[in-house]
Amino acid sequence: MNLFRVPREFLMGDNIYKLIELTGTSSTSLEDAIQNAVTRASKTIRQMRWFEVIETRGTIQDGQVTQWQVILKIGFALED
Amino acid sequence: MNLFRVPREFLMGDNIYKLIELTGTSSTSLEDAIQNAVTRASKTIRQMRWFEVIETRGTIQDGQVTQWQVILKIGFALED
Amino acid sequence: MNLFRVPREFLMGDNIYKLIELTGTSSTSLEDAIQNAVTRASKTIRQMRWFEVIETRGTIQDGQVTQWQVILKIGFALED
Amino acid sequence: MNLFRVPREFLMGDNIYKLIELTGTSSTSLEDAIQNAVTRASKTIRQMRWFEVIETRGTIQDGQVTQWQVILKIGFALED
Amino acid sequence: MNLFRVPREFLMGDNIYKLIELTGTSSTSLEDAIQNAVTRASKTIRQMRWFEVIETRGTIQDGQVTQWQVILKIGFALED
Amino acid sequence: MNLFRVPREFLMGDNIYKLIELTGTSSTSLEDAIQNAVTRASKTIRQMRWFEVIETRGTIQDGQVTQWQVILKIGFALED
Amino acid sequence: MNLFRVPREFLMGDNIYKLIELTGTSSTSLEDAIQNAVTRASKTIRQMRWFEVIETRGTIQDGQVTQWQVILKIGFALED
Amino acid sequence: MNLFRVPREFLMGDNIYKLIELTGTSSTSLEDAIQNAVTRASKTIRQMRWFEVIETRGTIQDGQVTQWQVILKIGFALED
Amino acid sequence: MNLFRVPREFLMGDNIYKLIELTGTSSTSLEDAIQNAVTRASKTIRQMRWFEVIETRGTIQDGQVTQWQVILKIGFALED
Amino acid sequence: MNLFRVPREFLMGDNIYKLIELTGTSSTSLEDAIQNAVTRASKTIRQMRWFEVIETRGTIQDGQVTQWQVILKIGFALED
Amino acid sequence: MNLFRVPREFLMGDNIYKLIELTGTSSTSLEDAIQNAVTRASKTIRQMRWFEVIETRGTIQDGQVTQWQVILKIGFALED
Amino acid sequence: MNLFRVPREFLMGDNIYKLIELTGTSSTSLEDAIQNAVTRASKTIRQMRWFEVIETRGTIQDGQVTQWQVILKIGFALED
């Protein structure tokens, strides 16, 4: 589905991708929760290419949403 | 899944939680639609702890998204 | 589900609606990706009334989310 | 989805709706089983606006369907 | 789910039930398609107790629905 | 699944079918809501062959079901 | 599905049932987590008739399961 | 999935397996409800090899779970 | 869905079909695994009309796929 | 998901894609059934980019699979 | 969902969690099968926090359940 | 489900298996796309035992399927 505007350089071969499942959180927005998961994962995983949102959640305190939470699948290329 | 940073005070017992399903709407953003549902529910429900998004929708008029809509499950502690 | 604040004029009859599936993308936010799909569709489709989000995804480059992607169902009235 | 011909008066605000799950039964038809659930719910719930069918079932005796059963979600407006 | 008005005599033991999947058709209504499947099954299966509708379909000819079709699960007691 | 009694003339080739998603409504019954969607579609689509019900819903006013609503997939042959 | 051995007295009419969603926890077993949710609910709800397990989960500490958690739907009769 | 410790003797060929759906009940535990279904089925079916739990339910009386109920798929080898 | 090119002779009535679930295996291809299940079933079942693939799997040994496995639903006409 | 080796030229913009649902059939293989649907669609649709298989089925006659059938979603770029 | 009684010490930050999928088996009970998977995982994974049951299965020999099998998702904190 | 013909040597214990998710591609067939994913994974993972197909997709260029794509779950034994 995420064909649209994929960076060119990793489209040239027949890569195998692995998908992992991660959570991400943020006190500001859903987009920020997603980016935080990706940022943390990038410390140890190279070649991440796409994500998909599996679940969207959050915590509530005193009638306020205090944390936005997402569960993501992230796909990254296995290097040869 | 929403283990991450849950407020301390309600973790001390073996509470039973009830889940209810609510809609929320906003003309500005998905996060705002969620917060509006939580704000309205807080008028009559105490001890809300978390939500999860079941469905994301909206209305369109003249080619513009005019309302963001969410269907949420909200969990709250049953008080003894 | 999206009963809430539907524009009055299209509620008066027994219209038949068609649902189509579209993707939308944005480099800024999920809401913007949704609006972009709706804007593009409005070039050729009149009478669009609502959307629902089927899938939320995106691309990653160098540890950054570079594109937000959605797959939508959009409902529009068939004109007599 | 149920945009089509919604009564005008409850479309004017940004209501929050609650969804509940009920069963209904009838010895005559599926439509009657649905109406029976709605009729019973209307004794205690005001402002019901829509339903959706979650499950369709029934009982059989001596090779005859003796009862039509439905499980519904019903949405109603939370009053301010 | 189909607790409601189950015939008394088969509630007294700890029966084991088997579920089978059947189709049924009718040119008149969905209820009739369900009853036709149950009627046919009753030729060889005794002790049928309940059904649930898995799928609802039909055929179209010249802009008319010409046949209503259902796929059912039917539960019946295994006799000792 | 809808093998049963398909009109003979369109079984002779290796047709390709397209599936579209439509809503239908009626104030009388679910079968009527389905037929209304099919009737409207037949104004512009030829060679419709089958439908399947994706969702069953309705609107409620003053404790009465006022409109039966269905979402259908309809399959029709692409002509050469 | 839960036809088997339903108590006789509530099978005599055409009751309408409501379904609610609750969590239950236990440090000993899944059955105990279910019973705890039912016990707590019985403080305020009469005429509960059946449950179904929606989700089975738990918490882990130091490599040990420290809490068994279930999410249940519970059906109870609406009294006239 | 149930590769782990499968009895050796039925792994030697290219058997075809049939899957059937059964219910089981017990007043003591979920494991006992599963075993009861398997025990009953073994009266008429040979060569049963595995089961999977499709649904977990039960009945409630006076605030107590009085019966544990499961719906199983059971796989058995078709003998040549 | 499998309207397309159904053999004529079994379309003339209002047959009732039964659906059963079978596994099939092959060391060569997925198509062969499907055909093997159908071939085995044809020893005892007449009037099989269609199948649908429920699950596609296989075994791996030393980095090679050694067996292709499918789980099918097969529909066959109940004879009068 | 289908990032891997997408043709370069259509990755350069922020295209909007439409998804349609089609059937395809073949008497030889599943791959051939997919290709046949794509070939037929290419008569009227330009810029098709990807497909995904929604359902895999077929017809059986005299114990032989006589036709392989697939239901596909196909994505194509909306041209400006 | 598993808010209830989460150990305090890992709630203080904005941890990112990874979810992995494991099987577990036992000859005695479902709870034991879950604990065995967790015990094995704890040899190499620290900071496991919760699990959820994805599938419940088992093997049968001579009419007896000989092995209880579960497939779990386990969430653990990524350490900084 | 994949009991059928599992290699004997890994059935003797109470192994714990881990499941991972991988993509595979091929320009020739679906079977080849599966084998390619397994082959690549075998460079770093030992003791792979089974796979299941989660999704089947592909890319299209000029009306031709140019790449077959699968998403697999692969199970492998955790060594002690």
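Residue numbering begins at 1 within each chain, and the chains themselves are lettered A, B, C, D, E, F, G, H, I, J, K and L in the order written.
Quick note on the criterion: contacts are C-beta pairs under 8 Å (C-beta built on N, C-alpha and C of every residue); 3 or more make two chains touch, one makes a residue touch a chain.
A quick note: this is a predicted structure, and the numbers were derived from the prediction, not measured.
*Asks:* Enter the minimum step count from subunit E to subunit J; a value of 1 means the two chains touch.
*Replies:* Tracing touching chains, the least step count from subunit E to subunit J comes to 2.
*Asks:* Of all chains present, which has the mean Cα position farthest from that of subunit D?
*Replies:* The chain lying farthest from subunit D is L.
*Asks:* Quick check for the class: compute each chain's Cα centroid; which one is farthest from the centroid of subunit J?
*Replies:* G
*Asks:* Would you kindly tell me how far, in whole Å, the mean C-alpha position of subunit G lies from that of subunit D?
*Replies:* 23
*Asks:* Averaging over Cα atoms per chain, report the distance between subunit I and subunit K in Å.
*Replies:* That gives a centre separation of 35 Å.
*Asks:* Which positions in subunit L touch two or more other chains at once?
*Replies:* Residues 1-7, 14-15, 17, 20, 23, 25, 30, 41, 49-50, 56, 59, 67, 71, 75 of subunit L touch two or more partner chains.
*Asks:* Hey, which residues of subunit I end up touching subunit J in the complex?
*Replies:* Where subunit I meets subunit J, its residues are 1-2, 4-7, 30-31, 34-35, 38-39, 41-42, 48-53, 56, 74.
*Asks:* State the interface residues of subunit L toward subunit A in the complex, per the touch definition above.
*Replies:* 20-26, 36-37, 40-41, 59, 67, 71
*Asks:* Using the touch definition from the top, list the residues of subunit F that touch subunit J in their complex.
*Replies:* Going through subunit F, the ones touching subunit J are 3, 14-20, 73, 75, 78.
*Asks:* Which subunit G residues qualify as touching subunit K in the complex?
*Replies:* It comes out as residues 23, 25, 29-30, 55-69, 71.
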